[in-house]
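Chain naming follows the written order as A, B and C, and within any one chain the residues start at number 1.
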């Protein structure tokens, strides 16, 4: 397919701008010629072709609205359309972030109430909505931990991260100069308590833990884990990526965690946008409140206002208040569901995952044969006997009209296939998916070459990633 | 309304398959002491009718000004209808990150096109797939500069947007990078001070152009000074429509260009989501954070796009990653792409209208008694005026339904009673003449 | 199937090989390593003159799916690097023990060579790793 630049015809246009109403514009009277740009190489495309181009591009893409998207750890649940409509209200889209407080009471109210909702859902004392994404919230969380110890004049340089953790955990820690110490998993896929005890000391800020963990399993020993860390004056950070399974059933704050980052684009239904924008609020208990980014939104009687007066705050992690447009969607979702609806969502996400796990168990090697939470992890062990890998299976699923599950994560399961159906999928969808997975399992035995060279029905076959990395072509040049 | 399709009958069937009778048996692994013994204390769920009523009423509590002259990092520009129409196609906005290349050629190609646009505008060799916003992109650029030069100090112009400055300082503090303030003089970065502060310990220098006050900085001259000591010049562009008009930062010696693309088709949205862009030179290709999309071929020799150089990213490199960034601002990047495709070379006209109207207003305001224009000749679409009392001026304008400039006293103690005004192609002559009348 | 490990070389647990010629050693990564990494897309070479420390990171090799540190097998100073790898990292895949050499180091402490394995020990070591 051609690029937009290849469709450019000089003289064509998709836009009409009014003439100047302040008389003829003579730019060289406002700017010396030496500062004016000579060439502006942007494409000139007529509106018909422009619309067709981007429409065609959309048709070469695949979202939750097009089909089942069982990406483990990503919570690809259905994004309600009412969210989109509310986020498009001009009362929200046309307000300037530096408006006077009195002019944006509705926005500040939404912001404040969303914080309250998230506090209640997670069991923490305060929430900051400023971070723009999960990884951003994570980095913010680690900064908060650093500030906490600096305030106590304690020099701690290490952080503990389980070997099953998501790559953002050590990356976020490195962003704050901490050295990662990897904690082993036990045979059950949970944190190895002995290894934790051995490595937790006064040089360590604490532990970053995903719960349920990246295998979709709830850490049974969470109380002991928090005790071990707290005993040495450390903090326990919850990677809240898997919050969906806990909604209304259990709260990380109650489990003993000191802080959490949430992903509004996961558990709270805001759309993934093809890779953003998201929103990554951070929840903290009393210990960390003073360090939260500014401004905080306060309520004085019936008036909401922004408060920048927090001496110990770490400052800002982005401009203004955070991704407000995304918050409106999450707020709308929580108001639609209420506490009962959130609990049902969480419970059914776990039901759907266990249902799939039981149905697929005879055909695919199950990494840990026990009740899972909202996602389950298989491996390609059975299919490797025929020379077929997890990657091949993922590509073959594309041919059947599905998006592949998460593959090769977590790293502690070789050839991991992580399936998270979410609660918004019907039984019919799940049953059809199982049928296809069984079909593919059979193909692995009887026609392995077909699977190994998949996908066959996409617009492109497997792409040459090696060439792309050896000789990167990152922009179009005529 | 909870969007859970499972009927009671279906749930029972699933229970049977799993071998349970009740759903809470699935949560037996969670100790009783950790389980919530009550319902969540949240407002009861609402039907769609009630929901819309509630939220529309909240939106109604926000005042929308028909006439506004407020910029400072969030700009009112014309957004063609075509933009939202295309970006809201659900194949785009309900998709995930394009890790499965064969199924996501649409998103991947659009990111490649976006990267190309950013390179052309900034005059740089390569651009990433976008970051959360301009401020966090700037902070990441500062860290990138310290990693490249292996020097943990950056000079930060005080004429950079104050919220960007705060973000840079937050990130740098967390990373033990020293930030030295580079003062401004008569509205632009003080070059004399720059010469004094540049030394072998400095890894990066951060300049905003046009700066927070709307003025143009002497990029070429600054680049020469910075490169003499082997440091990296980072140019921050908060109002990128300016790039259609002035010489690109790349042409003038920038090593890294960052900024916010909000002006390119993103509504104000009370501050977000916006989009950070980052572009740099070929030699830093393995140092730049964020995603990169490359063009390649499939097994049949067809053109194809793919996420590339992922080994620098968190999910592979983990603690040695160039950053921890996971999402970018994909849908916003698509919005920027569609906007730039729609405007094309006419973006220049948007910039000219913005700038010319700004100068029109500035000139007229400067003639009023009690008002002094602070900027010298060269400024883009923002300027600073000194008034007797900034709150009085703003109140006068408010009462006439006009949102005036930003009170700089909120950011700089030496700039009390200074207002930062912004004019774009959306402001009309009537609106501007009205202000003149009110403040006369 | 990895190529046989040449008997005239010494080996480290991190899959580097070393050819000792008096005070100077040439090093690279083993064929076993390159097979695990798959097609290399980039090699980050050390700077000439860099002081090396046994077991500390010396270079980085990158494939599409992974990035691995290459560790210094001995302490000393880098005197030459294989610049042809910059344009063609695949040479490491094609000829890991020969044309795919990474750096030449002048050693500061010859006793460190005793810590390295011979070809037989390394072959056994790899077989053990594979079983895991």
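Quick notes on this one:
Here is the rule we use: a residue touches a chain if its C-beta (ideal position, glycine included) is under 8 Å from a C-beta of that chain, and two chains touch if they have at least 3 such contacts.
Since we're looking at a predicted model, the values are computed, not measured.
Taking the mean Cα position of each chain as its centre, B sits at the greatest distance from chain C. Here the chain at the heart of the structure, going by C-alpha means, is A. Interface comparison, A-B versus B-C: the pair with the greater number of contacting C-beta pairs is A-B.
Each chain gets a centre from the mean of its Cα atoms; for chain A and chain C, those two points are 38 Å apart.
Chain A and chain B have Cα centroids lying 19 Å from one another. Once the centre of each chain is set as its mean CA position, chain B and chain C turn out to be 44 Å apart.
In chain B, the residues that touch at least two other chains are 311, 316-317, 320. Of all residues in chain A, those touching 2 or more other chains are 465, 469, listed in ascending order.
Chain contacts: chain C has residues 41-42, 62, 64 touching two or more partner chains. For chain C in complex with chain A, the touching residues are 39, 41-42, 62, 64, 89-90.
Chain B meets chain C in the complex at residues 286, 310-312, 316-317, 320. Across the complex, chain C meets chain B through its residues 41-42, 44, 62-67. Chain contact summary for the complex, chain A toward chain C: residues 465-466, 469-470.
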